[in-house]
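Each of the two complexes below includes chain A, the first together with chain B, the second together with chain C.
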Partner chain A sequence: MWVYEKKLQYPVRVSQCNPRLAKFLIEQYGGADGELAAALRYLNQRYTIPDKVIGLLTDIGTEEFAHLEMIATMVYKLTKDATPEQLKEAGLGAHYADHDKALFYHNAAGVPFTATYIQAKGDPIADLYEDIAAEEKARATYQWLIDMSDDPFLNESLAFLREREVVHSQRFREAVEILKEAREQKRFF
Partner chain B sequence: MTREALPEEFYQLMEDLQAVDFVLIELNLYLDTHPEDLEALKQFNTFAQQSQALRRTFEERFGPLLGGGKSFSTFPWAWKEPPWPWQI
Partner chain C sequence: MAFTNRKTYTPFIGRYDPCQPIRVKTYETPPHLYLGFQPPGLEQFSPKEALKRGTLWKALYSPYTSPYGDYR
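Then we have the complex of A and B:
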């Protein structure tokens, strides 16, 4: 089970209302390489992965939900004071027509989240390589978002999330080595 | 949604806790792939103790942080009260 804690993993501050940035950030909420996809991917793979790496998938998957909450907080803070007119100007008119200011799991282009973003091959090496790729893609996305943002407070939180992807990728690479080593040992004894 | 401004102490204590808990998350993931690193494990246990102490200080002042009975509640039921994380 999970326990909820009334705190963000890392503080989220924004300089000002900026719905244009929120529109881009939604990519990491309901996009292919976003935090929802990451959390669901790892937690789903846990059940069929060798015992040696279940803990890692559980812990990274759980952390991704904390990241999802950070992204939601960013989007909420960037849009809560916006007028419908400002949302329209920011390219969020279509979003407003359907959702008002509610968040929704779609990407920056408005494409709804789909389970097809997530793979589950049942082969531990294939699954972990996918996880490494997912982390690298998320890292790249955070970089593109930082490149487009002129909000120094927001960029601080985005840089934190980008660095987390680097660490996750590193841990997944180590998990691959752990499994390869175990496989070698089986072969020799 | 307007709410009373939170005292400076809220932000300070929250950030202290976030900092210590971040070290714990980092050490936790590291230990998942380096289970026999005794130094890291000692650090983990030290920070876990610090985290519990900080959480207690925060909660005495600003209410429960954990749901489902992992934190105590004052009267009336304090868990459902704002601020929620995105409102801070």
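Then we have the complex of A and C:
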């Protein structure tokens, strides 16, 4: 079970109404390397991985939901007071036609989320390597988002999320080392 | 040369490339690629600083700014 804290992991501040940026940020909401995919991937892998690394998957999978909530807040703030006309200009006309201003799990191009974004191979090394790759891809996505955003407040939150991807990747790499059981052995050459 | 987490390369520039060529391209190689299994006793940020930066560990802190800063 989970305990919910009614606050964001990192504050989200937005300096200007910019629905176009919201369209790009949705990539991290319902995209292949987004926070939803990450959370579901890790939490699902927990059942078939050696005990030693289950806790890591629980912790990181849980944190990904906290990130998902931050992305949702960003998108909401960037669009909540935009007129349908402004949304149309920002390329969100098709979104408005289907969802009004509701968020939806799709990527920046409007492709709906699918479970096929997630793998569960059952082989611990294969699964952890996928997790490492997912973190690097999410890190890259945050880089491209920062490249396109000129909102200094929003960029602070995005830089925080990017840093978390770096830390998660590091921890998954360490999990691989733990499973290799080669860490404490003396190496002879 | 000083260590950096942003590496560069110079791609081939054709005579008839339609866009203004970017002569030096960059890619990121963040610090965790070099750390290995984190050794004990590494330097930490203060708790307040750590919450802001997204990591407790100085060795894992990876700032990022757009490499296109000069082109915008």
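Everything below uses one rule, namely that the second predicted complex is superposed on the first by the 181 of 189 C-alpha atoms of A that agree within 3 Å, B and C clash if a C-alpha of one lies under 4 Å from a C-alpha of the other, contacts with A are read in each partner's own complex, and residues count from 1 in each chain.
Methods note: a contact is a pair of C-beta atoms (placed from the backbone, for glycine too) under 8 Å apart; a residue touches a chain by one contact, two chains touch by 3 or more.
Fair warning: this is a prediction, and the values are worked out from it, not measured in the lab.
S.K.: Of the partners chain B and chain C, which touch A:V3 in the superposed model: first, second, both, neither?
M.R.: Only chain B; A:V3 stays clear of chain C.
S.K.: Could you look at A:S15 and tell me whether it touches chain B, chain C, both or neither (first, second, both, neither)?
M.R.: neither
S.K.: One more residue to check, A:K77. First (chain B), second (chain C), both or neither?
M.R.: So A:K77 only meets chain B here.
S.K.: Considering only touches as defined above, state whether A:E174 meets chain B (first), chain C (second), both or neither.
M.R.: both
S.K.: Which partner, once the models are overlaid, touches more of chain A's residues, chain C or chain B?
M.R.: Touching more of chain A: B.
S.K.: Kindly classify A:A159 by the partners it touches after superposition: chain B alone (first), chain C alone (second), both, or neither?
M.R.: Touch partner of A:A159: chain C, not chain B.
S.K.: Do chain B and chain C land on any of the same chain A residues, and which?
M.R.: Touching chain B in the first complex and chain C in the second, residues 10, 167, 174 of chain A appear in both lists.
S.K.: Chain C touches which residues of chain A in the complex?
M.R.: 10, 139-140, 142-143, 146-147, 150, 159-164, 166-167, 169-170, 173-174, 177, 183
S.K.: Under the definition above, what is the set of chain B residues touching chain A in their complex?
M.R.: Interface residues on the chain B side: 1, 14-15, 17-18, 21-22, 25-26, 28-30, 32-34, 64-68, 70, 84-86, 88.
S.K.: In the complex formed with chain A, which residues of chain C make contact?
M.R.: 28, 30-32, 35-38, 51-55, 57, 60-68, 72
S.K.: Considering only the defined contacts, which chain A positions touch chain B in the complex?
M.R.: 3-12, 53, 55-56, 59-60, 63, 69, 72-73, 76-77, 80, 167-168, 171, 174-175, 178
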